[in-house]
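Here's a structure for you.
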Amino acid sequence: MATIKLGNLKKSFGKTEVIHGIDIDIDEGEFIVIVGPSGCGKSTMLRMVAGLETITSGEVQINGARVNELEPMDRNIAMVFQNYALYPHMCVFDNMAYGLKIAKMPKPEIAERVRAVAEMLELEEYLQRRPRELSGGQRQRVAMGRAIVRKPDVFLFDEPLSNLDAKLRVQMRLEIKELQRSLAVTTLYVTHDQVEAMTLADRMIVMNDGIADQIGAPLDVYENPATAFVAGFIGSPATNFFGADELTVSQNKALTAALNDAERAALDQPATMIGIRPEHLQICEPNGACLTLTVNYSEALGAETLIHGKLPKGTAITIRQNGRLPLPEGGQELSAVWSEHSVMVFEQNGRRV
Amino acid sequence: MLMNSLIMALGIALGKIVISLLSAFAIVYFNFPGRRFFFWMIFLTLMLPVEVRIVPTYQVIANFGMLNSYSGLIFPLIASATATFLFRQFFMTVPDELTEAARVDGARPMQFFWDILLPMSRTNIAALFVILFIYGWNQYLWPLLITTDPEMNTIVMGIKQMFPSGDDVADWPVIMATSILAMIPPIIIVISMQKLFIRGLVDSEK
Amino acid sequence: MEKRVKFKGWRLPMLLLLPQLVVTVVFFFYPAGQAVWQSMFISDPFGLKSQFVGLGNFEFLLADKFYRASFITTAIFSGLTTLVSMGAALYLAVLADRLIKGSGAYRTLLIWPYAVAPAVAGVLWLFMFNSRVGVVTWYLGLMGYDWNHVLNDNEAMGLVVVASSWGRISYNFLFFLAGLQAIPKSVIEAAAIDGAQFWTRFRTIVFPLLSPTTFFLLVVNIVYAFFETFGVIHTITSGGPQQATTILVYKVFSDGFVGQDLGSSAAQSVILLVIVGALTIFQFKFIERRVHY
């Protein structure tokens, strides 16, 4: 178990700065998910903590000690890679034991540890197999086993589930969460999948273009996105955005009633955007306080229905409603009302007001 | 003569594989000053077969007193980058993550080389060995120049020595028997290791 | 193309590179440099002193009718060898490609000649065509043809071409077969549905798609014919009759070692060096373009 501290962490490749200063204090045993679209710098950041990427400026501390200059193995971390990076010519046992062998641990102890971990991951039967003789899920487990065996201070996961099919991904997600709980090892987990972030994280870091847009507990981030980017990235389907000028006078009046003073003031700025999550819109009887939209098509998913439509000026808008409710048809005119306190206002630069 | 051929072919194949594994590893996996320069220096040799520089190379060997010696037979034929190039290409296809995983596991560069890279290159090494063995075995011009002592003749060039000078009638049965002896080892290798051979051939030309 | 991951330090990599560098410098750069250096001197017949002549050796060579003849001989020889070995290989590869079963055995039958040293191949063919004991000569004699490559220029050339091409067919065959098998069957089926007959299909679809392989083999075979056929020529004709089969490499050897004319031999080496260099650059350029094919 360990604490991690990132202090104004920056990374440049040549002249291009790709990470613009990240700060976070991570508690012992905390599960931190770094989430963002591809190219946002999340993997680079993880690799800097691992020691696989040099740190341009700033500091990484593990247990209060600066580790910038240390080799990966001296940081006492373990990493699970997206493609698992299992040594193809070694059997499962050797894959897991390799780090321990290098650390010159006595053989009986290695065997003991590997067995224990294999048991935990239900890999005992496969210890003598080569990676290519295993299924995707089993390889994934071996990769985790290799990390666990070393009893590291920190686990680093780099998109570990993205090579699995959807069903297995859900299952492994649960297993990872459970393992991390029981081992209580401080964990940094990188993913582009917001569902993984929401379900796994104690706290998540939402990265956008090398900046941590928001750091917080999943539900806080969902409820209170700090930027338009976070609002759009966390939650599925994505938040609806439209300009205040797409509303009629009466709609606008109803909207402003739900806002605080600062938000109301911001609405007068030309580029201000309004954001409402699809699940916070509800179809209602036509009256002045509602949005009006033309339905393009509806997707009935069973438990819920997604209604895709357009505002009068053409902005796309999605409503999510219970699957039991009647299914609107294409071309139909609908009205929708927002639930209270669910309207978000964003400045031109994307910051939440 | 068979023994000489064997030593020469093995020497060339093994020598070339060892030095080119090491240098390909250095070139692909390290960043050090002059890397590009050395890279080009080595790869320039791809262009020129030994036949082109035969006379001066002969003089070098003569100056070193390496005429009629195995090292004289072997070394000049090792000085080409084909194998280095092949291993470089192969190392490039080894996923970066494997190297990173090894680093996280605490492997030093040479441990990574021995424990991971070398075992992964096994098939390539074997394939290359087949090709180089045949290449070495079938050398003709170079042994012809370097070995004046019949004790050091390789079998392939030795056949020519059996032809009588002038108008004497050649002793065909002996010549043909020798030819067959000279043919058999490489043919056995090619046929028995057909898969490796074809792979080596195709790989080394990419 | 670069690796993302690199190890640090410079001592270890230098140590790793050292063997190759030493071998390369001592047995490659030094001799190559010597060749260039020597090409600018003439030495007296006893090798006692040498005199700087600048490009004199080159001028002399280019004016020398034997050298020019050797150039032409090389061109004819490489052209024919390449044509024969590639043509035969392509034909066999097309046949093998149409086989569904048994192509493995077929392949085994075809690849073993590769393992035969050019020099040994030379001896084998020489035996068959020997004017006294040769089987083929005997049959030709029965048919009323008097074969004697020791005296006849064209017959000598024909024999070295056949002997050189023979072992090479295996090599070309393997590459052609691989190339053929890489052509998607759907493309050929589409052409068949369009009504193209076998020969039309081959000419308009298969051969163009095979062109990268063909081009690659062309260069490799020319280089082969230039250099590695030394053994064949040395065993069969020793460059004769009257230099009719003296290709450039053979001349480097005979002028340098037999004739002891080091300056001229070195100058010939330099010329060869330029030719191979040009071929190689040509090939690299093409391979770069092939990526976009």
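Order of writing sets the labels: A, B and C. Residues in every chain begin at 1.
We take it that a residue touches a chain if its C-beta (ideal position, glycine included) is under 8 Å from a C-beta of that chain, and two chains touch if they have at least 3 such contacts.
On a predicted model such as this, the values are computed, not experimentally measured, just so you know.
Enquirer: Please classify the inter-chain touch graph. Allowed labels: line, ring, star, complete, other.
Expert: If you draw each chain as a dot and join those that touch, you get an open line.
Enquirer: Relative to the centroid of every protein C-alpha atom displayed, which chain's own C-alpha centroid is closest?
Expert: Chain nearest the centroid of all protein C-alpha atoms: B.
Enquirer: Taking each chain's centre as the mean of its CA atoms, how far is chain B from chain C in angstrom?
Expert: 18
Enquirer: In whole angstrom, how far does the Cα centroid of chain A sit from the Cα centroid of chain C?
Expert: 60
Enquirer: Any idea how many Å lie between the Cα centroids of chain A and chain B?
Expert: Inter-chain centre distance comes to 53 Å.
Enquirer: Would you pick out the residues of chain B that each touch at least 2 other chains?
Expert: In chain B, 100, 103 touch at least two other chains.
Enquirer: I need the residues of chain A touching at least two other chains; which ones are they?
Expert: 52
Enquirer: Which chain C residues touch at least two other chains?
Expert: Only 5 qualify.
Enquirer: If we count contacts the way the header does, which residues on chain C are in touch with chain B in the complex?
Expert: 1, 3-10, 12-14, 16-17, 19-21, 23-24, 26-35, 38, 107-108, 111-112, 114-120, 123-124, 127, 130, 132-133, 171, 174-175, 178, 216, 220, 223, 227-228, 230-231, 234-235, 249, 252-253, 256-257, 262, 265-266, 269, 272-273, 276-277, 280
Enquirer: In their complex, what parts of chain A are in touch with chain B?
Expert: Residues 47, 50-52, 71-73, 77-79, 81-90, 98-99, 102-103, 146, 150 of chain A touch chain B in their complex.
Enquirer: Can you check the complex and tell me which residues of chain B touch chain C?
Expert: So the residues of chain B in touch with chain C come to 18-20, 22-23, 25-33, 35, 38, 41-42, 45-49, 51-60, 75-76, 78-81, 84, 91-92, 96, 99-100, 103, 109-110, 112, 134, 137-141, 144-145, 156-157, 159-160, 163, 169-170, 172, 175-176, 179, 182-183, 186-187, 189-191, 194, 197-198, 201-202, 205.
Enquirer: If you look only at chain B, which of its residues touch chain A in the complex?
Expert: Contact set of chain B toward chain A: 95, 97-98, 100-107, 111, 115-116, 119-120, 122.
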